[in-house]
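Right, I'll just put the structure down here and ask away after.
For reference, chains read A, B, C, D, E and F in written order, and residue numbers begin at 1 within each chain.
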Amino acid sequence: MSMVDVSEKPLVFREAKAKGTIKLKVETINKVKDGKIEKGDVFSLAKVAGILAAKKTSELVPLCHPLPLSTVDVKVRVVDESHLAVEATVKAIAKTGVEMEALVAVSAALLTVWDMTKQYEKDEKGQYPATTIGDIQILRKVKKG
Amino acid sequence: MSMVDVSEKPLVFREAKAKGTIKLKVETINKVKDGKIEKGDVFSLAKVAGILAAKKTSELVPLCHPLPLSTVDVKVRVVDESHLAVEATVKAIAKTGVEMEALVAVSAALLTVWDMTKQYEKDEKGQYPATTIGDIQILRKVKKG
Amino acid sequence: MSMVDVSEKPLVFREAKAKGTIKLKVETINKVKDGKIEKGDVFSLAKVAGILAAKKTSELVPLCHPLPLSTVDVKVRVVDESHLAVEATVKAIAKTGVEMEALVAVSAALLTVWDMTKQYEKDEKGQYPATTIGDIQILRKVKKG
Amino acid sequence: MSMVDVSEKPLVFREAKAKGTIKLKVETINKVKDGKIEKGDVFSLAKVAGILAAKKTSELVPLCHPLPLSTVDVKVRVVDESHLAVEATVKAIAKTGVEMEALVAVSAALLTVWDMTKQYEKDEKGQYPATTIGDIQILRKVKKG
Amino acid sequence: MSMVDVSEKPLVFREAKAKGTIKLKVETINKVKDGKIEKGDVFSLAKVAGILAAKKTSELVPLCHPLPLSTVDVKVRVVDESHLAVEATVKAIAKTGVEMEALVAVSAALLTVWDMTKQYEKDEKGQYPATTIGDIQILRKVKKG
Amino acid sequence: MSMVDVSEKPLVFREAKAKGTIKLKVETINKVKDGKIEKGDVFSLAKVAGILAAKKTSELVPLCHPLPLSTVDVKVRVVDESHLAVEATVKAIAKTGVEMEALVAVSAALLTVWDMTKQYEKDEKGQYPATTIGDIQILRKVKKG
């Protein structure tokens, strides 16, 4: 096991866009839209969590290289009555791609949504039968120059 | 926005089990099973990543409390010809539940699988049209005492 | 040099409240109030930064003990035409006080305000002659039980 | 909310110098000068704390970019009978300025001074009525090439 | 005290190889070889620990610069009936050498071996009279270009 | 692979003392003693590095539990004309021992000594033929109550 050796690779422009969704109860989605989540504004907190996590990618995914990210952009929006979607775009001038950084940003943002809404998702037994994070994918990977 | 104030809550036994899956190409799953992944053993690396990430939960999910985890156990297995599944169990004697820790462990383990297999998942355009992380759920939450 | 040995000290309720201010241009404060800061909502981002930093206190201040914080609450408000104030309250059942955690939260929140507003604070030479963080103090320290 | 996209910006020489002060009791300042602080040498510990914190800037200030710092220099000195001052100089060949790194270094150094001297600053009620961190400013920002 | 100022130094290829050993009981070494260590596979876990630690060097060694590592490779092998050896190779295009990164990787890998085997190393009084980490050295340092 | 499950274990007093040495050139040791090391005071910097690293043990050694350390004490002294020794004592009220924390503190302190003295240890080819970290052992482990 070892990190890929990127010593010989050129520094080029890299971009990756990832997405993912979280399924919540209809009532929870309504609370999110109406700004009624007791823990605070889900949109802004999920974005910050995604941005900060992207910068920690090489700590979380053991074989990733530390990369000098040029930007991390995280968007969070309600897509239908029971789903919230996150999209993250990461850019860097780097020797290796930034898809893991984008996926980490999406994951951390979705986990933060879960944490902020979990009190409304619990059933009478304290379980979360419906809440689901899914559809985490890379939408686009770009390498230029 | 603020962390829930758990000052008055008792220290009780907490347990949470979470799961999630990653969809890979049939050939990639075969490589994983045969130990042919160039970056190393997917099973052991995904487990370590999950364990280490669980301990960083309060850094990644902004409103989580730092918790003295008693154990983190991560299992990774092939479930069918195109899916790998991760299950994480976290325990603690704590004032608040450990479901976020279990979800973070599952997410980091799945992201590590992605990172280790991504070179086999790319299509001719360098994209990942099929690779998908999904079905991240809490299987069970326990609070005792 | 060494950390104070708290082995023999009892676990008791601890609370500390700290505050601090940042002096900005009148026009910058107006932009903050009107939600016109290009980098995003200053109030929510400063709060998250404060909460996350409080949890890192023992990494930042070398002789601090790692503490199981019960809550961190950060408030950010405009106090007059050229000042923004931050107040942070931290609680824990711990062997030692949480004043450093409250001060770290205030400092990180104020630094985040600076970072978000610095493009409006620069003069024609690219300098920041007026921007100032100050008045960082402990307002109250409580030890009970 | 998002990090500024610096993809297109050139790598140039950056330097920033920040300062700040902490107001302590006259007797505390004397103890610092005489090396009588029980927790250890305030000057060296504050410097290390500043250097280490500067390297964590992009973790602490959410929209900051991770930067390859060329150097961090922190100076700590007694300025008068009741004030200690910290100055931090940070340099990097980077796409964006290093003023936040310099401010973070100053803040962490001052917080470390507080932590090391707080036992002498407490009044009979266990409060810190006089201790104050202030005057945190950017003294100079340089961009060359 | 301050970090060396590397502003003026060129970015060149850097490589360093470090090694170290741990002395364990003959029976423990046999368990390691036979994959009978209850905590898991010592070889793969020690490697991951070494790789992850190398990336944290500038957090652990206060005056080290954050470096964009190109690769970290850690090898763990049984050298004789009572010794396990670790070798770590680190590469980077950087302004300063990567010997500290290689040494940190070796140290973390050896400490992880200790942690995984310590239950077999304890004597009847719960002490570890024989277990010893040693011979940590730089085998080779390269600077090219 | 998994962390030992300590859910059922009682919180008791734990203490561990570890030691280790670094072999340096006679001239380097003399510079250390005379305070002539350009990077700063080796004794104080090695101590801080050890204290901070002990608090990061569960990040560095993957299967370690996060522990609420009561104190970390690191001593650094010249033992003979070519050796410096580090001793670290760690205490906690915890469910598991603190020997790994003591060993991590010793290792980080010794690595910091290496980093601060390496410019004097290099031979004409830029190699370090003599510098060696060794004799890292647990001197004493205590469990009470």
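Observations, loosely collected:
Assume a residue touches a chain if its C-beta (ideal position, glycine included) is under 8 Å from a C-beta of that chain, and two chains touch if they have at least 3 such contacts.
The structure displayed is predicted, hence computed values, not measured ones.
Farthest chain from subunit D, judged by C-alpha centroids: B. Averaging Cα coordinates per chain places subunit C and subunit F 32 Å apart. One finds 37 Å separating the Cα centroids of subunit C and subunit E. Mean C-alpha positions place subunit B and subunit E at a centre distance of 26 Å.
Shown for subunit B are the residues in touch with two or more other chains, namely 1-2, 4, 40-41, 44-45, 47-48, 52, 56, 59, 62-63, 66, 68. Viewed as a contact network, the protein chains fit none of the simple shapes, being neither a path, a ring, a star nor fully connected.
Contacts from subunit E toward subunit A in the complex involve residues 13, 44, 47-48, 51-52, 55-56, 66, 68-74, 91-93. Only residues 1-7, 58-59, 62-63, 65-68, 95 of subunit A touch subunit E when the two sit together in their complex. Taken in their complex, subunit E has these residues touching subunit B: 40-41, 44-45, 47-48, 52. Residues 1-2, 4, 20, 39-41, 45, 48-49, 52-53, 56, 59-64, 99-100, 103-104, 107-108, 111-112, 114-116, 118, 126-128, 131-138, 140-141, 143 of subunit A are the ones touching subunit B in the complex.
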